[in-house]
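Here you go, one structure.
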Amino acid sequence: MAEVKADRVINCSAYCEGKKVGMPKIDNVHEDLKIKDRFVWIGLREPGPEMLKKVQAEFGLHDLAVEDAFRAHQRPKIEAYGDTLFIVLRTIQMKGEKIDLGETHFFLGRNFIISVRHGSSLSYAHVRTRCESTPHLLQKGPAFALYALMDSIVDQYFPVIETLEEKLDQLEEKIFDETQKRETTSEIYQLKRQLMDVKRAVSPLIDICNRLMRFDLNLIEDETRPYFRDVYDHAIRINEMVDNARELLSTSLEANLSLISISQSEVSKRFAGWAAIIGIPTMVAGIYGMNFEFMPELNWRYGYPLVLTLTLGLCGGLYWRFKKSGWL
Amino acid sequence: MAEVKADRVINCSAYCEGKKVGMPKIDNVHEDLKIKDRFVWIGLREPGPEMLKKVQAEFGLHDLAVEDAFRAHQRPKIEAYGDTLFIVLRTIQMKGEKIDLGETHFFLGRNFIISVRHGSSLSYAHVRTRCESTPHLLQKGPAFALYALMDSIVDQYFPVIETLEEKLDQLEEKIFDETQKRETTSEIYQLKRQLMDVKRAVSPLIDICNRLMRFDLNLIEDETRPYFRDVYDHAIRINEMVDNARELLSTSLEANLSLISISQSEVSKRFAGWAAIIGIPTMVAGIYGMNFEFMPELNWRYGYPLVLTLTLGLCGGLYWRFKKSGWL
Amino acid sequence: MAEVKADRVINCSAYCEGKKVGMPKIDNVHEDLKIKDRFVWIGLREPGPEMLKKVQAEFGLHDLAVEDAFRAHQRPKIEAYGDTLFIVLRTIQMKGEKIDLGETHFFLGRNFIISVRHGSSLSYAHVRTRCESTPHLLQKGPAFALYALMDSIVDQYFPVIETLEEKLDQLEEKIFDETQKRETTSEIYQLKRQLMDVKRAVSPLIDICNRLMRFDLNLIEDETRPYFRDVYDHAIRINEMVDNARELLSTSLEANLSLISISQSEVSKRFAGWAAIIGIPTMVAGIYGMNFEFMPELNWRYGYPLVLTLTLGLCGGLYWRFKKSGWL
Amino acid sequence: MAEVKADRVINCSAYCEGKKVGMPKIDNVHEDLKIKDRFVWIGLREPGPEMLKKVQAEFGLHDLAVEDAFRAHQRPKIEAYGDTLFIVLRTIQMKGEKIDLGETHFFLGRNFIISVRHGSSLSYAHVRTRCESTPHLLQKGPAFALYALMDSIVDQYFPVIETLEEKLDQLEEKIFDETQKRETTSEIYQLKRQLMDVKRAVSPLIDICNRLMRFDLNLIEDETRPYFRDVYDHAIRINEMVDNARELLSTSLEANLSLISISQSEVSKRFAGWAAIIGIPTMVAGIYGMNFEFMPELNWRYGYPLVLTLTLGLCGGLYWRFKKSGWL
Amino acid sequence: MAEVKADRVINCSAYCEGKKVGMPKIDNVHEDLKIKDRFVWIGLREPGPEMLKKVQAEFGLHDLAVEDAFRAHQRPKIEAYGDTLFIVLRTIQMKGEKIDLGETHFFLGRNFIISVRHGSSLSYAHVRTRCESTPHLLQKGPAFALYALMDSIVDQYFPVIETLEEKLDQLEEKIFDETQKRETTSEIYQLKRQLMDVKRAVSPLIDICNRLMRFDLNLIEDETRPYFRDVYDHAIRINEMVDNARELLSTSLEANLSLISISQSEVSKRFAGWAAIIGIPTMVAGIYGMNFEFMPELNWRYGYPLVLTLTLGLCGGLYWRFKKSGWL
């Protein structure tokens, strides 16, 4: 972590016609910005206040946006400040059983794009490499770089949701299994929480993409828009998967309750059945344990085996009947 | 499956004034496209990347759309890329107890329509045959072919939903049946899942048809629009059927829980009743089993039959009372 | 039923300035249609394909609308085909405990209105008679006849809903009654189903009336529009009644479950109380039934009555306490 | 009731510049209407058909509106008929435990306002008096009188809702009280019904005020509109209070069920505990009640007190343990 | 409280180019208002009617707004009266376990802002101080002061929600704990109530900010709008947090019910198990307590220990089996 802090500017490159033409220092970036058809792509990671102040000065960013980029813990959003767009996205990754949330902020201008990473997220180095390998696309300008970054973030959502969907499948098996356990209910609840976390990261994305696709942001050229529609499409799909999983989860919680009640009912039936089977000999034995002087059966030669046989027969009959009707 | 893979171009025909005028090779299609009043209708099935590349070159399709058409697993959508429409629909069929999902993609241009089938779906050969048998309709152009294909896909939804509605009816009978079973709850849940699958296939369709009917897509002529309204109408109906079934299913899950609780209550009542009927003679017998020296009843001549009769009478009275009040 | 089939054209009359001026044959209707200020009102019932073909030819109806009118089983809708409106409404009637659904379709043109009845519905003869008795209203043209027919259909919904509301009231009484029965749950479910059927018939009506009231359909003159607002108002009210009943039904289902659980709890309490009252003498009797040689109480002169009295006193005390605390 | 019927015209006054200038007879009202800057304010109560016919003739009201005003049982609504507005509001009052619903209809024209009361509602005499005491406001015309009447109706909603909120508070106490009673569930349900009645009266009001505030009704002058916004604001607040109460009620119904289940669980635990405490001496006594010839304990001098002490000790131990773990 | 009442005008200052230029008396404020580029910022606390009348006269406020500001108990709202905006916000603070609600009203004009505090809320002195320390921002005019005040109010919501979220976490632990308690259900309900209170305070805020950000209120200059977007963003986030907590709460209520049922089931199982273990020796003992003359076992030398051993063995076996299957 320490070295990351030290290395807060991950990368700062200038591009012309889709090709890298230099790696200016942050302090000299304004010189590159003056050159026509050139744009600058900067990657920052948890920058300190001085660094942000420097960047703000170079690119003329708005106070409120810079404050957000510093404090992090924003919800996904898109905001236009004059000619600059400020975009916040959430990054999601599975770390074992837990969801690891991070944030990436973007400043998009006519001739620059700045990404600011906070918390857990994959590096965007591979995105930059891929973009540099397709100069005919990257020459569309910083908006294309934005697309590439957003696409990479959204693509990381899919494995997370698939993990959650798998968990849901496992939960279903547990629910419809014979024994209802406390842990199952608890796991349903935890999964719900995780789905809600993902939902909160994803659902504002639809609106963000919508604005990038449609509204009159003159930063995004017409031929770049279909790319944002592609991200939009992924966002819609993820959203749908999450909603689907949530609805199934709700139903499974109700189904779980039904099955618990059925279990309870089965326990009662079984208990009632065995209570009857044990209770009857006890009653009969009690009767022949009475101390009346005149109880003719007591003196019969075969009274004892007779009573025992009859009682056992009755119990056997009950057992058979309960078994047949599903009580035992 | 192997021969299908081999036969990836199902059909490629050119039409003029609603009549088939030739079956060009994919590679020469551009020549037909130049001829006025002629349009080309191509059917592909799970095409490989080379085939798609060829098609893309011939018809000038957009990279993103072609990538979608190759990767499949899209949600139903409509996207305009310049003069070309890209439409994705889901196909649904029942395979035994399971729902079999597939996908069909369409590229619609001024003078061409290309269908790309993925996964399980019926062949569209019969659609083509029916269209060719009504040249006065097919002469409306590729948009009419699109309608015919969409109509055929949507018509396949109806039997699926009817099967699910039938399942719901069977479930209802099981629910309101005397005994609540674990399987019933599990089946309610499974049906819910299937309904949600259908819902996801159908609900975006409404929006797709809406755009084909209303928005200013100059690919669709005014006189063809009512046909899309027809598909729209079917989509609305299917959607409504699914929503209806889902709502009934939710209610039935709740009703199921109520009935389980009632069952449980009945078991308890019955058990309590019998426990009383068995418990009383046991108690009485216990009393006359005590070893006190001075218990006058024990020495009565008819003490034993008297006590036995009284006890049995009490039990009979209880039985009668419980029976009357519905406890047994 | 047979004679109805034979008599598929119920009525075909021409009107001028609100007064009936003739009863043309279907085949000659086009002659009446040419006459200025004259309109034709035709009533059909489950017409066969030839009849519909004839009508289509006379009035220039669209293929898709005619197909719908023939196949029936449509959802309520309104569709404009050029200058002609095609409207589908559901008719509802109570037949004993069941809801009987039918359909009526309307074709409305500048100078004609055609009604097509399918399935169960009242005859529209009385509507025609009433319209003919108010020529100052009927002279507003076929749109007024449409209003009169729609109003008559919607008025039939009210008694149906009132019947369902009455059922709900009866159900409430059953639910809050002392004993929870299986049938009650089942009846709640059946009522829900019926309400959903009515809902499906009514809710699209609001949109239909809205379009008749507001949109630029030049078939409906401004002074006729308030009449459709009247139908709209009824549709809103029915819709509201249905939604209200559904919400109450949902709540009653939950209340029902609560009451079942309370019943269950009461059974358990009662059982526990009696078990204690029976269990204590059994225990005491058991103790004095032990065969120890040295049990001084056994030899007491008044040991037996003493023990009996004490035990009975204890039971009485328990009974009193349970009674007071509501367990028995 | 009878004298009210006789006195159907409550009041009919003409106003000029906010001051009362006469009390014309209904039959001569048209003369007042001709005078510039003069408007007429009429209050009717459950008028008969002849009276309404007279009023209709004087003010040129639409057939459909007059029919509604006669038949009553309308939902709250606003309808424009040419230059006249027809408005229906519901009046609500608590009568003991019950909600008493009434209706008031308004006809608003350029120079007249007519109120028609149906069913239970307070008299509007005080509204008129208050308006007459502020001529600088009343001179804004009949729209201001409409505001004053609507405001008075809406103000009557507040005490009703407060009563219902109080009931909810009492219900909460009952729910979280130790014992769950059947009546509580029933009262929750009844409260829900009453809230739904209020909701139905209030929620359309928002739309009505919205139209009075915003839409291009040239009957309402710009400076009068803020007054309707005031009514709108009250309607929003009442609506919110009702929704709030409904949501709490739903939650309380669920909480109630949970508590019933907990109660049930507590009963079971207690019963189980006592059953064990009684069952163990019974078992031990049974063992020493066996008639084996060779049971050494039976001949011990202190066998009986020993067994008794041990058993009682065991029971005491159980009691202590159950008490500690909350089972008793 | 008493001295606060006496000190109802908290502060009244005039500003020019962001700097304080005087502290006029309320009665002379109109003189400051005449001076160009000067605006007045007044803070009132629960003002009496005379004070409000004076303020109304000085600033020409609308009757209805002043009445609202006096009576308080408004819902959050924004209303334009000519050139003046009237805004109502709710203030929220935790006081121990309880939520303390207050209200602040704002009158915003071209050259004045008046805040009126009602009930519990922090003083706005620090807001004024902070504004005065950034004259380059405060010179944007009274709209900036409005932003600063709103921002301060909204910032007070965060700790409240965080407290509630913490409570939710504690509740979760209690719910998934081994024993279900009555208090847990009651606490869930109370938390729900508190969340609803917060929700009611927050949700209208979104609409208010939206109007301040977007609509054509010429009181708010373009460069001030991003600041309101900042408040909007906070409102959205708080709203989302509340909705999230509410949904989790609903799920936890359901999970709670499931766990109560499982507990109940476990109690039943345990009871059933022990009943069997105690019931069997009782039955066996009863049998050998019968008084038949001919019961050979009774005379066996080792009859007693044999029966005892067998019975205890059986009980041990049952115990082991129940333990293994989780019944005990």
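Order as written gives the chain letters A, B, C, D and E; numbering starts at 1 within each chain.
By definition in this document, a contact is a pair of C-beta atoms (placed from the backbone, for glycine too) under 8 Å apart; a residue touches a chain by one contact, two chains touch by 3 or more.
In this text the structure is predicted, and so the values were computed from the model without any measurement.
Traced through touching neighbours, the fewest hops from chain A to chain C number 2. In summary, no chain was found to touch both chain C and chain D.
When chain B is laid over chain E using CA atoms, the rotation angle comes to 145 degrees (nearest 5). Per-chain Cα centroids separate chain B from chain C by 25 Å. Averaged Cα coordinates give chain C a centre that lies 41 Å from the centre of chain E. Among all residues of chain E, those that touch two or more other chains are 254, 257, 261, 264, 268, 271, 275, 279, 282, 286, 289-291, 295. Touching chain D in their complex are the following residues of chain C: 172, 176, 226-227, 229-230, 233, 236-237, 240, 244, 247-248, 251-252, 254-255, 257-259, 261-262, 264-265, 268-269, 271-272, 275-276, 279-280, 282-283, 286-287, 289-295, 326.
Taken in their complex, chain E has these residues touching chain D: 62, 64, 74-75, 77, 79, 81, 179-182, 185-186, 188-189, 192-193, 196, 200, 250, 253-254, 256-257, 260-261, 263-264, 267-268, 270-271, 274-275, 278-279, 281-282, 285-286, 288-291, 295, 297-304, 307-308.
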